[in-house]
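Every chain is named by a letter (A, B and C) in the order it is written, and numbering of its residues begins at 1.
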């Protein structure tokens, strides 16, 4: 027994000290949605610079909390903190990548991208007020499609998520009844339908349930080849989800560095803007200027070299103008 | 005659049902293990053990960091949990033998064994991670050791009790102090049993996920510094299984296969040890 | 009886060390309770005891109640016990009474291996393998045969998704079968052979011996084992987190998604953004801790009682 212990002890000593590596490590935590792209960037960055960016997806709320409690070097969140909140918790905040939420349907006789919806019909569908697909309101904007008298099944996210935050924010902004009855947040009490866990859960439910409608992150809709809808945007045009319409939304969005970029990209005013877009944000603790500089260096590198990688993984890079704004924000805060 | 027949038929039916129940238990075991084996073996290759994770879309990533991290966390948890557990069990079986406090602690440990592990994770987060300001391998190891202690403590207590009292009396008669009797005679007599308890407790904690999520966190890179976040197989499986990419799912299966096989091996060794010992008697 | 030996200073050091080590268990339990209570105090202050009776779980309006979670926990554990108990007792009877000697060891070992599989493996297997089987084959079948039976058909309303109460209960039952089976087996084994042999001598069949002698003799132990598995099932997280959905509603159909306390903790702990939300989750964890503590204490009571009975 004793020798066994001695051996164990020595093994631990060797492992934990002899290996003590020189590599700089930065720990980040937060939103699940940008996890694949952040880790892909981190992988390349590590190869070039040797710096390790350890990003773990624990959820947006977790990212906010961990950076507020200063247990990580940076946090990430899909729903932006209000300027008052960043002031209070002494945080810095800037966007890193754009994403969008897409309504997906499972309808016979309806081709992908064929069904058109506007904010009113979408809202009434998710409130459970439109019960059948051949409702007059839907028919009116889809005169030529063959919608039948079949019951609508709504599928929503049952776990807390940034996706739900972006989606419900859009609903609250465009539909007063939604704002009053449900509200916006990472987890809300949905009035109708069935809940799926994670983007995958919703995607699976929609795939398996006839006559259903749900909402997922764009990357998932694309990877799972789900049947997306068109949406009417604030400018009154029906648009398809995609790189172009997301970028347009991002460009039309008035990100204000003075407000720590607090902005929902939902219902963006641009002519071709996708109405349910959103940026995902990075949070830094103000007083940790040393590690902040390294984090900023990483994102600066990613802004310069990471666009293709992001697109490959179906994410939308920030438009050039926004990148410049973020860089200016870094300068004013003495991080670059 | 008919009554006897009825009794016999009833008996046969009941026994058949019991056999079916046993077969069902075996069926689940074969089903689950077979499934893990079939899915896992496809993804099992050298890359898995010698490479660190690559992001989605890059070929040839592995889970070296998670294997090493898991080993380190478990090792440290063992180093903390086993001495405390063995010593605690010694107190119950020797110094406090027959006292109320021994009964109380023994019952409480039995209850602790089944306390939801997610609760232990949040406890360590509140007392170790938040005050220190960073996640660390140590926090994970301590969380696991808290799960281990009651298991080791209870088996040690039971095993020490099995050592005949007369053996101690013989040593006392020679003038040996109690602690020497315990260390040189009682421990020696119960060593196989205690070792089994230790092995089983290691098996128990190496499958834990919930207590690691908010303590040792995770690390996408190879790291061995226990003061920093460190990767573990179970948290990696949890993350990969939920992710959108097929390649992640296969790696999660492979990791599951490795961890399941190691745990089953520990369990089997533990069982064989105790069986060999009892058989010799 | 041991005290009189404690004269040597080294002995005092050693005995104190062991005492401290064993008191660590008490310290952990008190520490866990303290952390849970202090973290959940905002929610306790705001919702009080009504928390337990409210079905509202609305993070936007910051109104929280635990009833849907408690309901989910109770219904999944109840169902899983319903499935597990007969199977587990059957296994125990098989191992102690029916199986030929050379099979006893392997079958017993196999059942115990089932207990050693980590719960995350169960969860993953449940999500990728069991859930599709349930939704494609088992659940439609149950729906079909129950369709014409009043009341029973209510239990199988809705679309078979495979992510629901039924699937979660099946997984839980597989997980607790080994516990119940091995404790039942140990209890059965304690039946004095003389009584059994006398029964055989007067012509009883195997089943009659089991039914009229072994089970009555060991029922306290078996019951303790069942309550112990109940305690296990209540606290299980990872195995059900994957397959239960996470739906804060009082579900009437077994094909509905639901939420247990553990699943809610696992799914929402990371996303809780405001303090009262997080505090409510800690309140839930406290409820869970108390629930499983009480259950396990009851189990322990019966097991000790059984032990005392047999050791007479």
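Assume a residue touches a chain if its C-beta (ideal position, glycine included) is under 8 Å from a C-beta of that chain, and two chains touch if they have at least 3 such contacts.
As the structure is a prediction and not an experimental result, all values here were calculated from the model.
Common neighbours of subunit A and subunit C under the contact definition above: B. More inter-chain C-beta contacts link the pair B-C than the other of A-B and B-C.
Rounded to whole angstrom, the centroid-to-centroid distance between subunit A and subunit B, based on C-alpha atoms, equals 38 Å. Subunit C has its Cα centroid 18 Å from the Cα centroid of subunit B. The residues of subunit B that reach two or more other chains are 213, listed in rising order. Contact of a single residue of subunit A with at least two other chains is seen at positions 58.
The residues of subunit C that reach two or more other chains are 242, 269-270, listed in rising order.
By the touch criterion given at the top, residues 7-8, 10-12, 14-15, 17-22, 24-26, 28-29, 32-33, 35-36, 39, 83-92, 94-98, 105, 107-112, 114-120, 122-123, 126-127, 146, 149-150, 153, 172, 177-179, 182, 203, 206-210, 213-214, 234, 237-238, 241, 249, 252-253, 256, 259-260, 263-264, 267-268, 271 of subunit B touch subunit C in their complex.
Here subunit A touches subunit B in the complex through residues 1, 8-9, 11-12, 15-16, 19-21, 23, 25, 27, 29, 35-36, 39-40, 42-43, 46, 52, 54-58, 69-72, 198-200, 219-220, 223, 312-313, going by the rule given at the top. On the subunit C side of its complex with subunit A, the touching residues are 56-61, 135, 159, 161, 163, 242, 245-248, 256-257, 259, 267-273, 278.
Of all residues in subunit A, only 58-62, 64-65, 79, 153, 158-161, 182-189, 194-197, 201, 204-205, 208-209 touch subunit C in the complex they form. Subunit C contributes residues 1-2, 5-8, 10-11, 13-15, 17-19, 21-26, 28-29, 31-32, 35-36, 39, 86-91, 93-95, 97-99, 107, 109-114, 116-125, 127-129, 174, 177-178, 181, 205-208, 210-211, 228, 231-232, 234-238, 242, 262, 265-266, 269-270, 282, 285, 288-289, 292-293, 296-297, 300, 304 to its touches with subunit B in the complex.
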